Amino acid sequence: MADLKIRIGELEFKNPVTTASGTFGFGEEYTDFMDLDRIGGIFTKGTTIRHREGNAYPRMAETPSGMLNAVGLQNKGVDYFISSIYPRIKDYDTNIMVNVSGSTIEDYVATAEKVNELDKIPAIELNISCPNVKQGGMTFGVSCAGAAEVVRAVRKAYSKTLIVKLSPNVTDIASIAQAVEEEGADSVSLINTLLGMAIDAETRKPYLSTITGGLSGPCVKPVALRMVWQVAKAVKIPVIGLGGIMNTADAIEFFLAGATAIQIGTANFIDPAISVKVVEGINEYLDRHGCSSIYDIIGALEA
Amino acid sequence: MADLKIRIGELEFKNPVTTASGTFGFGEEYTDFMDLDRIGGIFTKGTTIRHREGNAYPRMAETPSGMLNAVGLQNKGVDYFISSIYPRIKDYDTNIMVNVSGSTIEDYVATAEKVNELDKIPAIELNISCPNVKQGGMTFGVSCAGAAEVVRAVRKAYSKTLIVKLSPNVTDIASIAQAVEEEGADSVSLINTLLGMAIDAETRKPYLSTITGGLSGPCVKPVALRMVWQVAKAVKIPVIGLGGIMNTADAIEFFLAGATAIQIGTANFIDPAISVKVVEGINEYLDRHGCSSIYDIIGALEA
Amino acid sequence: MVVSANIPLGSNHFLLKFTHKEQLPEMLPGQFVQVRVDNAPGVFLRRPISVNFVDQQKNELWLLVQKVGEGTRKMSEYKTGDVVNMLLPLGNSFTMPQSAQSRLLLVGGGVGIAPLLYMGSLLKQQGCNPMFLLGARSADGLMQIDDFKQFGEVFITTEDGSAGEKGFVTQHSKLQEHIDKIYTCGPTPMMQAVARFAQNNDIECEASLENKMACGFGACLCCVTQTQSGHKCVCSEGPVFNTKELSWQI
Amino acid sequence: MVVSANIPLGSNHFLLKFTHKEQLPEMLPGQFVQVRVDNAPGVFLRRPISVNFVDQQKNELWLLVQKVGEGTRKMSEYKTGDVVNMLLPLGNSFTMPQSAQSRLLLVGGGVGIAPLLYMGSLLKQQGCNPMFLLGARSADGLMQIDDFKQFGEVFITTEDGSAGEKGFVTQHSKLQEHIDKIYTCGPTPMMQAVARFAQNNDIECEASLENKMACGFGACLCCVTQTQSGHKCVCSEGPVFNTKELSWQI
């Protein structure tokens, strides 16, 4: 039984397995299938300052070894989260991190300030990389200056652990990670979805109401692994890796590439108990490889 | 029987189905499996000014719905191509286009000049996007200035149809396409491979000798389609679409997104006669949809 | 779940029966299951299929499936004894009528008849006399008619007139009679026509929607339908909706 | 190609026999086929497998396969009558000896014995008396011994001593005798040890390599091995190489 505890900023996680924003609701959707207390943490659905209806249906298309989504940050707004959801989920024995999304710096800041007040929310994940919203979102995440600007503003307003989620739709993700690190981010998580598109050849129509959407699932894993590896070499803060993790072996690959923790996203749809299985799998792997701590394999790629 | 003829720059193609560089050798490798004269064209293996040994083995890894390669432009150099390969392939009744690769502008120009002399090579594809070489290659392809610079130089040296192959590993592929169009490119082809990585969790080693490599196959199709759609809206020159095309329906999707021609890459490895089958499939699709010309579906997405 | 039977029905449909070593959980009419289809090329996500019938005595779950793509094609090859991973039961359910005297019409089109059989069986159990109006393109697309007859009177329409009345379900003569409540499932245009009819005639109407789903249990927000109170998840807040609640342009 | 038999051999190997409605093309010893494995999760590319034997009379191709991952696991489930898509024959071949009097040793390890059976059968046909030295981890990994015996004397080593001499093939006492030429196939470290032995004793040696392949017919340049004259494709310029030509650190 190896030691699975890891630390991101000030925050300790009982194990490095967390669930990705937008794929795990607020945790409650999964309680029929698994014990939330057994995973390291939960990243909530993207939360914005105001209620958002999201994009029109259809919002989803299956692709080879993956899927596209165009949910577009549907959520009831941060105040609703605080009044109605937070009370129901705050006592789970796992780290609950709010994924803070927005279209303007003011919105990001206002949302972060509100979440800062919540005792049982020890960290936020700043989503500067959502490809499914018209304004803001990804535009901040695709330039160093844009990313730095929003992180600087939120850093002032938010005193706890600040994780910044990076977009993979960029030329040089490592320099964006560095820009964000310089502004005081405690960690970066990557990758968000790759911008993609699907067309129905017979009807000649796009499958998504928004034409383009965010690609996730095993198809993106090679790109995600490469980016985690590039970013982990470029920054000193811990990296949270995600993108296409379906099982223990995938998770191990991200640790070897340099991730301190991982998030499981789309895989939750196919096996809603997968995150707990991966916790067990990592334990078994570490034992089998004679490792006493998860830190023994973080960045341990023999390259 | 619809009209499948298309035009790229000055060059006419009997049909819009061509094979992608690096996946089709110099055509000869496929003559056991199909009739080369039945496809619109062949893009040769990347050719450089001098002989290149390419990267060390292992150079390939299978990934979910795709593969990574790190061949690294192994080829015997343009002079060998001219003296030994060209004479054997020049009389095929299809357009043979040399994929010109390099590490410096001088190399690109020198190679293009030599190929310019070859009567039966009506076009080149300038590969400014290969992720598998240390210098040059992709570095030109990831900035507008870099792309413009190399295209400007080659345009002066090369008088026939100039196709520029774009890298998908960028924030804004449409503006790179525009930069290249301004410098006189007759067409852009996209996408080259996405930079990715694969790790063996058990041995803790990367699968490729180069650690990272180029991702291709159906897994990249959603990204490729999106980029073709973005670029086709941004430029006036014809776009050649590729990335994960495995069958007729995939090809149709690229035409609908705005491609005037397509390339088939990785799919050739799984079915070496696929390109001819796609020609037949497109014909059948156009008939079934009452189209008299391939141009009826180019850019015809109903969005 | 273990396949106990796979019965082809016509050229494009099949009926799968499953048993389980433990007792099946209670399933409500209108609920669905999420089937993981292994080893089918291009199938990544689970496939939602309605509960067609639950045989309490045999501890058996029935799924009525139409072959439309790789996932359902693979399912059509299931053999007795195959083990299939599924999540169940998912979603809300049709609501029972106010009174057993209500005149209830269950209107199904194509494979959309699937949830109506189970609903019909429970209505019958509760002392109602449900009527079924089942539509298909042609006689070949009509299934389980004898099963439906066990639970109530069956009326049929086919578009080509090869069985029952010719035309769409909404054109059937039975609709001229008094009806208190309609339960419907089928292609969206059909359900919308049924909903329009219900609205015009002041009839309660519940429809079971089949939006595309990724998770099936309310986590991804992919399957939404627009309602009077904003986007709702078809998988967790549906699949059954009172048609008045839906923002259908009807 | 149609599966005519699938015979399990020990716990981890199986022998597939295929027939074809037309006459099989001529296949050379050392050549291989590229099998398209459909409906296996995670299997995207074809899988290269050596020609194990060709039964001219029965128009039959044999493949000897070890289960190592999803592709070969799926192949292990093939049933008589299944139709399998493969490209064949691919690659170069072992070269025949100068004279029928040559003392020839065919050294195989694990599933690497596969191409040696066909090579042995052809050598025998041409009047040679090939000898086979077959190694495995333990007796369970020894296969087709009776088939090999039809074509020549068989010597065995196992790492655990459960059959034949204990140790590696390169430690077998038979190697003390005079040998003119060695043909080898098996794990790379084994082939390198064999090549070293051949070099030290001035014996001709041909090895069949098993590099990872994408296409299998010289188009992708993924499968290269470093040789005295640069990178060569194992699929089209191999899989058989004279070991002197290879840049092995031996």
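First chain written, first letter: the chains are A, B, C and D, and each begins at residue 1.
In this section, a contact is a pair of C-beta atoms (placed from the backbone, for glycine too) under 8 Å apart; a residue touches a chain by one contact, two chains touch by 3 or more.
The structure presented is a predicted model; accordingly, all values stated were derived computationally and were not measured.
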| item | value |
| --- | --- |
| Other chains in touch with both chain B and chain D | none |
| Chain C and chain A - chains in contact with each | none |
| Relative to chain B, chain with the most remote C-alpha centre | C |
| For chain B paired with chain C, centre-to-centre distance based on mean C-alpha positions, whole Å | 47 |
| Chain C-chain D separation of Cα centroids, rounded to whole Å | 55 |
| Centre distance in Å when chain A and chain B are each reduced to the mean of their C-alpha atoms | 34 |
| Touching two or more other chains - residues of chain A | 63-66, 217-218 |
| Residues of chain C touching at least two other chains | none |
| Topology of the chain contact graph, where touching chains are joined (line, ring, star, complete, other) | ring |
| Which pairs of chains touch, using the document's own definition | A-B, A-C, B-D, C-D |
| Residue numbers on chain A that touch chain B, as the complex places them | 63-66, 68, 142-143, 169-172, 194-199, 201, 203-206, 211-212, 215, 217-223, 225-226, 229, 244, 248-250, 252-253, 256-257, 285, 297, 300-303 |
| Residues of chain A that touch chain C when the two form their complex | 22-25, 29-30, 32-33, 45, 53-54, 56-67, 69, 71, 74, 217-218, 266, 268-272 |
| Residue ranges of chain D in contact with chain B within the complex | 36, 42-46, 87, 211-226, 230-231, 236 |
| Sites on chain D touched by chain C in the complex | 38-41 |
